[in-house]
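Once you scroll down, you'll see the structures, which are given as structure tokens.
First chain A sits with chain B, and in the next complex the same chain sits with chain C.
Here is the complex of A and B:
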């Protein structure tokens, strides 16, 4: 793909709302993870999370938290853009409005009672996020909601970009997930929640830190973006996807599916591995992911591995939103000429078979970025983003 | 839109007048029987639609309105009864919408592009559109589109709480598609939407109707089987979020 311009970016996470807040936060080299206050975890040890300040959220109080996050980032991404023609709205999310519906369930346990709180159930279906967004922003177009776990919003961006390349006049693509009890307790049950702020690629890493976020990109054909003299943050040039067909929750230990997705994205972008300036790794800080991902990166890049970092040590893992958030971060790296560090990294795990960035960011001209997203069920999605010529 | 040829198809639906599927047809498969119903139905129709076709160059798109509802309920029930630290790890990963696609790719060894989409009651139409898009984008040479939804008592209770005059239902369907010329084709899939109030249909189903988010693909399978040479059909579905999907079929 060579014709898909990114002309708007909206992002909200524990770092704040907007591009400058994220750029500044990432360049401090300090984690933004803090104790969870959104809900109680009933006597269990508190774990740091990437929680968004309520004051940053748009929308009405009866909206789900995911919808409020979505609206905040989508409004910023659209800026003053007035969509003309039937575009594509593509959203990635894992849990949708479950933060609210789980409250209803836990109180009433699925019995036909609790009518006074039925508003909590309205937004349960993940597809509702797109419905409400389109209604509120008066967006007319095809609605697509991808739910491929932690790669959801990377797939939303990849699909939307491919549609723009094929002729769609515009697309709003991104993703969202809010913190909720189900994912917190789920990762706790899988023994994958870090006891401290997560440390991607570190020898002592012991799991991920959860986060919540929303990030959206406005996509347009490059010539149309130039014709209206829009700010062009970069291009979506590659989308690669594959399935591991290996295990429901663990990555293939040799990263076979990840390798296939990375190679597919590079081929789609018509970019050689040696041209990539930075890899924003999936880097969850689980022992299995970081080892397998490093193995895959070594297979793709050989002895010339570009700087690699995971930004989840700062933002936590925002699941369905992570792919879009990290794509937006990759665009910030191009705009502001820096590469984020692996915040939290002390000593690199010897099992990580590639050199990775230290904890501090560095100044660097960045023109081409690979952003990796891998999800439960063995889904692998890779985006290549680059500066507009 | 480029027409896609149907190479294989399968569907599982409840008996006439019932909301639940009574026979999935995988009773001999001991591994499958341990899975949630929504996964079992998806896997069974996927297997039947794929038939003896190779998985080389095969993509997979799964559509589901609610994903693993029983697993979600089981997980929440676990933390309600035993506490936040004692949820079932299995129920957690099965509650993820993409679990269905993961299970299908694992069981059928599909390593190509894999997507899961959700769009309330037009999830089938969205999945068919995305599947055909993957073909026209040349990201795979064949695509298996599978849609599955299950109903559980908590969903039925939620419908009653919302005073909805419909009953949730379940079922699954699958079609194997390619761009090779063929006799039976999906000639078009259109997704449109109107910015409605939440929980407002573009066109309401009749009072007392059964509502299954995966009904669209079951209708496609049933219509495809019934089409005679030279006939065509257009199947419309509406969603509670203001979405509308139309699938056009033809038999040459």
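Here is the complex of A and C:
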């Protein structure tokens, strides 16, 4: 793909709302993870999370938290632009409005009056996020919602970019997931929640930190973007997909699926590995992911591995939103010429078979970025983003 | 966007049909399937799959019919997604406590989990995607699969959709390849819904089984639609 311009970015996470808040936060080299306050954990040990301040959220009180996060990022991505023609809205999410529906469940379980609280359940399904977004912003276009675990929103961006490349006049693509009791309890049960702010690639890492976020990109054909003199943050130039076909929760230990997705994205972008300036790794800080991902990166890049970092030590893992959030961060690296560090990293795990960034960011010109997203069930999606010529 | 449907199967409360007229959609969970292939035979790597994933693997095994396709992709549509497992996991947390949910059940609270199970079972290493577009979810998945095959992104796609834990559960699967006995085209769009009959995945299975030309469209209230058409010729 060479014709898909990114002309708008919206992002909201524990770092705040907007590009400058994220750029500044990432360049401090300090985690933004904090104690969870959104819901109670019933006496279990608290774990740091990336929680968004309520004051940053758009929308009405009866909207789901995911819908409010989505509106916040989507409004910013559009930046007042009024899309003309029938475009494409593509959203990645894993949990939809479950934060609200689990409140409903807890309040009304087994009680007949639960039926009167249907509003909490109306927004449960992931597809309702796109419905609300299009109604509120009066967007006219196809609505596609992708649920491919932690690669959901990277898939949404890749799909939307392919549609723009094929002739769609515009696309709004990204993803969202809110914190919720279900995912917190699930990762706790899997013993994958870090007891401290997560430390991607660190020798002592012991799991991930959950986060919540929404991030959206406005995509347009490059010629159209130039014709209206839009700010062009970069291009979506490569999209690679694969499945591990290995295990429901564990990545393939040799990164077979990840390697295939990375190579597919590079081929789609017509970019050589040596041209990549920075890899925004999936880097969840689980022992299995970071080891397997480093193995895959070594296979793809050989002895010339570009700077690699995971930004989840700052934002936490926002699951279905992570791919879009990290694509947006990658674009910030191009705009502001820096590479984020692996915040929290002390000593690199000897099992991590590549050199990775230290905890501090560094100044660097960044023109081409690879952004990795890997999910449960072996869903692998890789995006290549590059500076516009 | 053109491709071929080579096999299909459907499962509702009324039972299972393979490659013929689908069973009627009826209220309730999936009906009994006495001849269902045992999981130990078709998916020996399975650990503790949720019944939703187990049913998908069983029906997929008869659609794939022992075919092993290098780079097979999976695309399924679902409006309800993981609502059933979500409810079950919340029930488990309520009974056992927040820290004691079952890890194996938690995995299936992802709408994409059944596809992960299918990928492991059938060594499908192409893209695996769950799409949700309300009432148009199923035909959107089929249209996307046709595009993936037509564009060369995938050699074959097992596609269709499922609803689980709803008023009327069903699974309906199609194998889309470049060539097949029934040639179909697919498209998605927004705005005025194309003229012609409305339908869903079970209607698509019936139309394919008829061998006659057909056009089926599903649309939602906000103007999004997906359409599958066939000239009806049998190759």
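Following the convention adopted for this analysis, the second predicted complex is superposed on the first by the 383 of 389 C-alpha atoms of A that agree within 3 Å, B and C clash if a C-alpha of one lies under 4 Å from a C-alpha of the other, contacts with A are read in each partner's own complex, and residues count from 1 in each chain.
Keep this in mind: a contact is a pair of C-beta atoms (placed from the backbone, for glycine too) under 8 Å apart; a residue touches a chain by one contact, two chains touch by 3 or more.
Please read these numbers as outputs of a predicted model, since none were measured by experiment.
Visitor: Clash or fit: how do chain B and chain C relate after the overlay on chain A?
Guide: Here the two partners, once superposed via chain A, clash with each other.
Visitor: Who does A:132 touch here: chain B (first), chain C (second), both, or neither?
Guide: first
Visitor: Considering only touches as defined above, state whether A:323 meets chain B (first), chain C (second), both or neither.
Guide: A:323: touches no partner chain.
Visitor: For A:149 in the superposed arrangement: first (chain B), second (chain C), both or neither?
Guide: Both: A:149 reaches chain B and chain C.
Visitor: Using the touch definition from the top, say if A:29 reaches chain B (first), chain C (second), both or neither.
Guide: A:29: touches no partner chain.
Visitor: Contacts for A:359 in the overlay, against chain B (first) and chain C (second): which applies, first, second, both or neither?
Guide: A:359 sits against neither chain B nor chain C.
Visitor: Could you say whether A:283 touches chain B, chain C, both of them, or neither, answering first, second, both or neither?
Guide: So A:283 meets neither chain B nor chain C here.
Visitor: Of the two partners chain B and chain C, which one touches more residues belonging to chain A?
Guide: Partner with more touched residues of chain A: B.
Visitor: By the touch definition at the top of the document, which applies to A:10: first (chain B), second (chain C), both, or neither?
Guide: neither
Visitor: Both chain B and chain C contact which residues of chain A?
Guide: Comparing the two interfaces on chain A, one with chain B and one with chain C, the shared residues are 41-42, 44, 94, 98, 102, 105-106, 109, 124-127, 130-131, 134-135, 140-149, 152, 155, 181-182, 184-190, 241-249, 257, 260, 375-379.
Visitor: Considering only the defined contacts, which chain A positions touch chain C in the complex?
Guide: Chain A reaches chain C through residues 41-42, 44, 86, 94-96, 98, 101-102, 105-106, 109, 124-127, 130-131, 134-135, 140-149, 152, 155, 181-190, 241-249, 257, 260, 375-379.
Visitor: Within their complex, state which residues of chain C touch chain A.
Guide: 47, 74, 79-81, 83, 86-87, 89-91, 93-94, 97-103, 106-107, 109-113, 115-117, 119-120, 122-134, 137, 140, 188-191, 222-224
Visitor: For the complex, give me every residue of chain B touching chain A.
Guide: Interface residues on chain B, with respect to chain A: 60, 64-67, 72-73, 75-77, 79-80, 83-89, 92-93, 95-99, 101-103, 105-106, 108-120, 123, 126, 129-130, 133, 136-137, 139, 152-154, 157-158, 160-162, 191-193, 195-199, 239, 241-243.
Visitor: Can you name the residues of chain A that touch chain B in the complex?
Guide: Spelled out, the residues of chain A in touch with chain B are 41-44, 94, 98, 102, 105-106, 109-115, 118, 121-128, 130-132, 134-135, 138-149, 152, 155, 159, 162-163, 166, 181-182, 184-190, 241-249, 256-257, 260, 375-379.
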